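One structure is given below, represented as structure tokens, and several questions about it will come after.
Letters A, B, C and D mark the chains as written, and numbering starts fresh at 1 in each.
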Amino acid sequence: MIDKIWLVVLFPLLGVVINGLAGIKLPRKVIGAIGSLAILGSFITACLIFVEVAGHGSAERVSEVVLFTWIGCGSLQVNAGFLVDPLSLVMMLTVSGVSFIIHVYSTGYMAEDEGFRRYFTYLNLFVFFMLILVSANSFLLMFVGWEGVGLCSYLLIGFWYQRQAPADAGKKAFVVNRVGDYGFLLAMLLIFVTFNTLDFNKVFAAAPQVLEKGGLAVTLMTLLLFVGACGKSAQIPLYVWLPDAMEGPTPVSALIHAATMVTAGVYMVARCATLYSMAPISMEVVAIIGCLTALFAASIGLLQNDIKRVLAYSTISQLGYMFLACGVGVFTAGIFHLVTHAFFKALLFLGAGSVMHGMSGELDMRKMGGLKTKMPWTYGTFLIGTLALAGIFPFAGFFSKDEILWAALQKSPALWLGGAVGAFMTAFYMFRAVFMTFHGESRIESHVHVHESPGSMILPLCVLAVLSVAGGWIGLPLIAGGNQLKEFLQPLFSVAGHAAPAEQAAHEVGLEITMMLVSLGIALSVIGLAWFMYIKKPLLLEKLSARFSSLYRLVYNKYFVDEAYDALIIQPIKNSSLWLWRLFDEKVIDGAVHGTAALVLGASGALR
Amino acid sequence: MGIETGTVMLSIIGPEVVLVLAALGIMMTDLFVKSDSEQPFLMWIGFVGMLGALAVSASFWGKEAAYGFYGMVVADNFSAFFTTLFLIAGGLTLLMSSGYVRAQGIAAGEYYTLTLFATTGMVLMAQSTDLIMLFLGLEVLSVSLYVLAGMAQDSTRSAESSLKYFMLGAFSTGFLLYGIALLYGACGSTRLADIGSVLAQKQILREPMLLAGMGLLLTGFGFKIAMAPFHRWAPDVYEGAPTPITGFMSVGVKAAAFAALLRVFAGSLAALSPHWKELLWIGSVLTMTIGNVAALRQTNIKRMLAYSSIAHAGYILIGVVAGGSAGTGAVLYYLLVYTLMNIGAFAVVITIEQKGEKNLNLSAYAGIGSRHLALGAAMAVFMFSLAGIPPFSGFMGKFYIFSAAVKEGYIGLTIIAVLNSLVSVYYYLRVTVMMFMQEPESGAEEAAVFFHPALAGVLLIAIFFTVQMGLFPSSYLQFAQDSIKMFL
Amino acid sequence: MVGTTQYLVLGAVLFCIGVAGVFIRRNAIVVFMCIELMLSAVSLTFIALSRSQGSIDGQIFVFFIMTVAAAEAAVGLAIILSLYRRRQTINVDEFDLLKW
Amino acid sequence: MGLISLLIFLPLAGAVLIALGPREKPGLLRGIALTTSVATFLLSLGLFTRFVAGEGGFQLVEMRPWVPGLGITYRVGIDGISLFLVLLSTLLSVVAMAASWSDIKVRVKEFMICLLFLETGMIGVFVALDLFLFYVFWEVMLIPMYLLIGIWGNPGRRIYAAVKFFLFTMFGSLLMLVAILVMYFYHGKTTGIYTFDLMSWYNLKLPLSMQVWLFLAFGLAFAIKVPMFPFHTWLPDAHTEAPTVGSVLLAAVLLKMGTYGFLRFNLPLFPEATVMFVPLLAGLSLVGIIYGALVAMVQVDVKRLVAFSSVSHMGFVVLGIFALNVEGMTGAMLQMLNHGFSTGALFLIVGMIYERRHTRMIADFGGLSTVMPVFATFFLIVALSSIGLPGLNGFVGEFLVLLGAFQAEPLWAVVAGLGLILAAVYMLWMFQRVMFGEVDKEENRGLKDLNLREAALLLVMVFFIIQFGVYPKPYIDRIEPSLKLVLKRVEERGAPLRPAAATAAEKPAAATAPQHFTTQHHN
């Protein structure tokens, strides 16, 4: 079965081809079904392969399937091939699974949209590229998926291209991602000249011999790769595109900008764990950037009024946690959080989508309130997602986040503190969102007719809700043998040959439990605070904002980062381009040409 | 001296004899021509005369050099080459003129007669081996052309052109003669062969009289080939003269002057070559630069072609400077190529020109390409060829010239020359731009095309050779090479 | 003692006068006469040289020069005359239809 | 007559046929032209099948004396470098014929003759193995292109553009002519054989001082054609003013002649000088990449934008060539072909909307995706290919170029990589302004989507765009051996003069464990 791995990517591609070419004549239901079934096919294939691989001993779980030589030139030999190992399998399962759910959801959500066929074509294309990204056997092929998902993200953010904002947002996403990709590209070049190959297996196998631990080469490589990861996974300073990306359809936000694509950076760092382990400086950078992003984005999330933006900043923040995990060396925990986050964040986005659907497209939480009764299913599942994100026991987020914080504490208290404050804020803004949306008095404008969403949307919510609850149990840290995910993944990450801090953790069960209880307590008290501020005493908020007005404005305006980028980077480039064109090109170069001509012609006039 | 001076040997000047007989025939027949419609008959007499002369000259080809009139004239490959060239130019000029003469109301008898006389003078120049003969040939040529230039009877412009040509022609003859006199003083003979052998034996070549003579001779020739700075007359004369005669002058006179220049300088004065090559180097650069640059702003097509003709003289001078078999061969080949393409260009000008100097302005060419594709295409071919763009013969000519220059190490000169041809591209392109890319200004009278079968024949011949000599230059190059064996 | 050199110098001086005249004088007839002067100077030179070298060639050349000059004069004067008929002037500066 | 000669002369025969054909029946003339070019294309496929992959040298060589007195021969043949360029020319000629079907309505006869002449010229340049022959084709091509721009171009500045194109190109090529002559006589004097045969010239060892000048003379001609900064200003004008077909062929084929010239002549003939001039050429190409992209960004005219993007893309090609390693050069070759398809297609696309709206100003469009969905899809794919999206053609070439550049001098790749970011900016921004947003102009509301002919044309281009991206192996396999030969010539004689390459190879070696690097120096 493993050698049939190409089926995983083939199914979505078929979906693209059928829907893209023939779909123009097909009814919507068929298009939706084709799109969803294609992904289901991938998911089932991935499951079968997973079962097979899981059956092998941990040593034989890694295999490579090569289809054909893609680029073979000089010393560069790149195959179109797949790397089947636990990491890629976990990613494939997550991606195809969540994708399938979201496809089903989309059949309901997008049912009325003109671009239904286009939507499913793009979505299938996205899954195709995403699966290539996670299953590629070389950096270059991964880059294909990497940029491919960027493309789909561009297309889907700008899905409603008639409006200015989505089109702008799509372009912004692509360009910012390109900046990151530039880092990735340079990293690949450096890797190639160092290892003379771009195959993951060969590179990682040769790394310990070729590279000097902590040396310039490996540090540079990993830092450049991390630039790529920052772009894709929206970390400081390249996070600016993700909030804007919310202009796309909500299922897209759920799939691409929460569950799968944005986590590609984390996946890539985890994939290169061998290299990162050899570059302590890079690890520190990753951890610090991750921690800062987690804090920074969470703080912005505190004051956003657009429900999707809250979730977007939350995503950025959670991605920060994943990088923090990688940075402190617990790659497993990073991946674990990636998986659980995929469940509950997809759930939250889809819930928000359901709210939007019921509210005729309204996103401003100030115009909601009291939806609890009108949309009970949505409310229930959204609450589960929130609890999971806030890290309440026994929901999925609790286990994964806690593992990260624990590992961070092992590394440095400062990192832990950052993470914990972030967690504090997370719980606050999420419950703020819940209270503003579902509780309290209704602030809904009169013309809006609120209704619960159809079954095709509710069902996926339920499935995700279940996963959000139970997803964490695969990584139970305390029960012996309970952390199956870690067991499954760890062999990959110990290639680097150093003990993961998580292993030491087992010796300090007591302390860990204490820490868990602390964080749980914090979370619960924060929920109370949110309840107090938004339900009990809403006026308090105004007073506070008036008190700290400048700080409030700063955070409310997202620290003016977009404005700063515009003033410091975009406008100067634009102006210098204009200057180059109007002055240099037309006046200097062409001026010299015309000047010569005029000189000769002038001489001609003189000679007659 | 080794040269068989022999006797009179009338057959040596066979081509001249035939031409003069034909000219006399035209004069006689002219007496009986009653109406305009019989005029072409005169032309055909001349044309047949040209053909006859060509046949005679062809019989000289490939044989040992034969001398006549006690060594004053020679029939060798070199003279045969140039005779052929003059006869082609003359013949095509006659064909071009046939309709033109009638339309412009020019006295046909005199016109054709003088054309034949001019051709005779040219042939004589190419055949002469004595400076006296050279002078005579030149004068026969010049005096005929003085008159021809003023033949367009109803045109003041033409008369003015004639006067200018005459004044400067006579003036330059003075220089030429003075040069000959000094050379005679230095070498004791007017025979080219004798001068050559005297110089070859001389130890010191810096005698002032010799150098002054050489300089004056060069000045005289410079006037004839319109070498800068002695070129000022050419544009005026070319502009004013009847168009076929302009064409004839631009190729025939130039070729005759170059033939003489080669005989005198490359042949007899070879020993002095360091001196005259330096002068010619400068002359060449000045000539092509001034010619090309000045042509840029011309709006009258004849005037533009006049400057173009000056520029081409500059290119040809490169070949003279380079010398050797390559350089001299290149000069000959270029003259041949230039003759055909330039006559072709003038044939187009005649086609478009109307009675009374109308439609000579470039703006009259607007839209010709779309209304008369064949004519436009023909002009385009000539323009591209003159600009030296492959695959036309003009390119091959330039290529040959430049390669000779590079071979002899005149790389600087070659670079100046290629930059010049870049400049020239601009004004040649302007003609094609006018013809193909612009429409006549609204309200402007549409240029009627003056069509004549003989003219069409000229165009066809010119086009054919312009293309053919560019694509398959081998036999022509060989022809040129064989013609200059005597210099080597 | 008047030797060859003196003749040659005289010839040169005459030639120069002729050239200068061509440049300075504006009357077409006078210009033409200056050209004739140049030719005469050349003839003088030829004869002097012929005499000093003891060869006949130079003298023969002079005959040709005279003949040709006569022919040129005929044609030239005719041209000047025809132009005068049209323009009523023989000032070369006024022949400005062409740019000169 | 061999296959290659047939390819050269078939279009010419077609042109003659059209010249004799009746002016009143443009349909017939178009038919003849299309048939001729299709036949030529089909014949050219024979080159591909008869070409032996893996051989670096020239194949299918034909030789015939032409001007024996000067050592000029009619000598044609192909190797991996020229094979695909010939195929590109023949294919694009067919596309051009078809694209002009409804675009060109006046003077159809002349137009078709010009196109066929151009085809002959293009094929000739790529197959000529005699310097004289090469020069003839090189110059001959100017005439039809000049006419195409000047006659069928946009009213307004077409004449300026046509003359500028002609003079710029001529300027470079005339100096090249002098260089060819110098080389010819040097060859003659040292070996006693006067010949323009390229093969013989390859064996010539020129003194360095001479190489420098000759390299500059050849290089200038090619740099203008490419066009490299700062000789590029003719390109935006020519592209903007030319009719669609002219722009397509100009971008797709004519520009390649410059880079082809570098590969075919500059590198193997002047290896030492090549190594000497690497910093200059690479520097200029880097400036070109960034400069072209920056200036493209602020253009208001779609065609001008694409033209400046060409400057940027061709910068990659030159950079790849002067990386002087297999990866870079192969990348450059692929990039040449890719650029042919991508930019060719872009000009087709611009032409299609120009035909509908008679404007090229970005501001005049907006929201076309809504009215022309099929067109939008093609445009998107082509734009993405131009951006260098992996999986499409542009990426393979650009990545190899970057890889080559990085091996030669890491800084080059760092700078060139910025061009990729900027490419996304200008292309997507333009795409957004043209295709996205609301249809706010009344004129755009009724635009018709592509008809079958147009869609088929773009489909051909898109097919290759995808094919090159997904499976470039057949191309690389044929290109690489020939490039290796070129490289070998440069390496053998230029190697001692290569400080840049040497340090590039040693730098990482010094930084880390050495065993891996000693072997991977370009082979």
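Here is the rule we go by: a residue touches a chain if its C-beta (ideal position, glycine included) is under 8 Å from a C-beta of that chain, and two chains touch if they have at least 3 such contacts.
If you're wondering where the values come from, they're calculated on a predicted model, not measured in any experiment.
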item: Taking each chain's C-alpha mean as its centre, the one farthest from chain B; value: A
item: Chain B and chain C: spacing of chain centres that average the CA atoms, whole Å; value: 26
item: Chain centre separation (chain C, chain D; CA means) in Å; value: 65
item: Separation of chain B from chain D, taking each centre as the mean of its C-alpha atoms, in whole Å; value: 44
item: Mean-CA-position distance for chain B and chain A (Å); value: 82
item: For chain C, residues contacting two or more additional chains; value: 99
item: Interface hub residues of chain A, defined as touching at least two other chains; value: 608
item: Chain B: positions in contact with at least two other chains; value: none
item: Contacting chain pairs - touch in the sense defined above; value: A-B, A-D, B-C, B-D
item: Footprint of chain B on chain A - complex, ascending; value: 600-601, 603-605, 607-608
item: List of chain A residues in touch with chain D within their complex; value: 68-76, 140, 143-144, 146-148, 151, 154-155, 158, 161-164, 167-168, 170-171, 174-175, 178-179, 181-182, 185-186, 189-190, 192-196, 206, 209-212, 215-218, 573-574, 576-578, 580-581, 585, 589-590, 593
item: Of all residues in chain B, those that touch chain C in their complex; value: 131-132, 135-136, 139, 143, 146-147, 150, 156-157, 159-164, 166-167, 170-171, 173-174, 177-178, 180-182, 184-185, 188-190, 232, 235-237, 239-240
item: Residues of chain B touching chain A in the complex; value: 290, 293-297, 423
item: Complex contact set, residues of chain D against chain A; value: 164, 230, 232-233, 291, 294-295, 297-299, 325-327, 330-331, 367, 369-370, 380, 384, 389-391, 395-396, 399-400, 402-403, 406-407, 410, 413-414, 417-418, 420-421, 424-425, 428-429, 432, 435-438, 470-473, 476-477, 480, 508, 511-513, 515-517, 519-520, 522-523
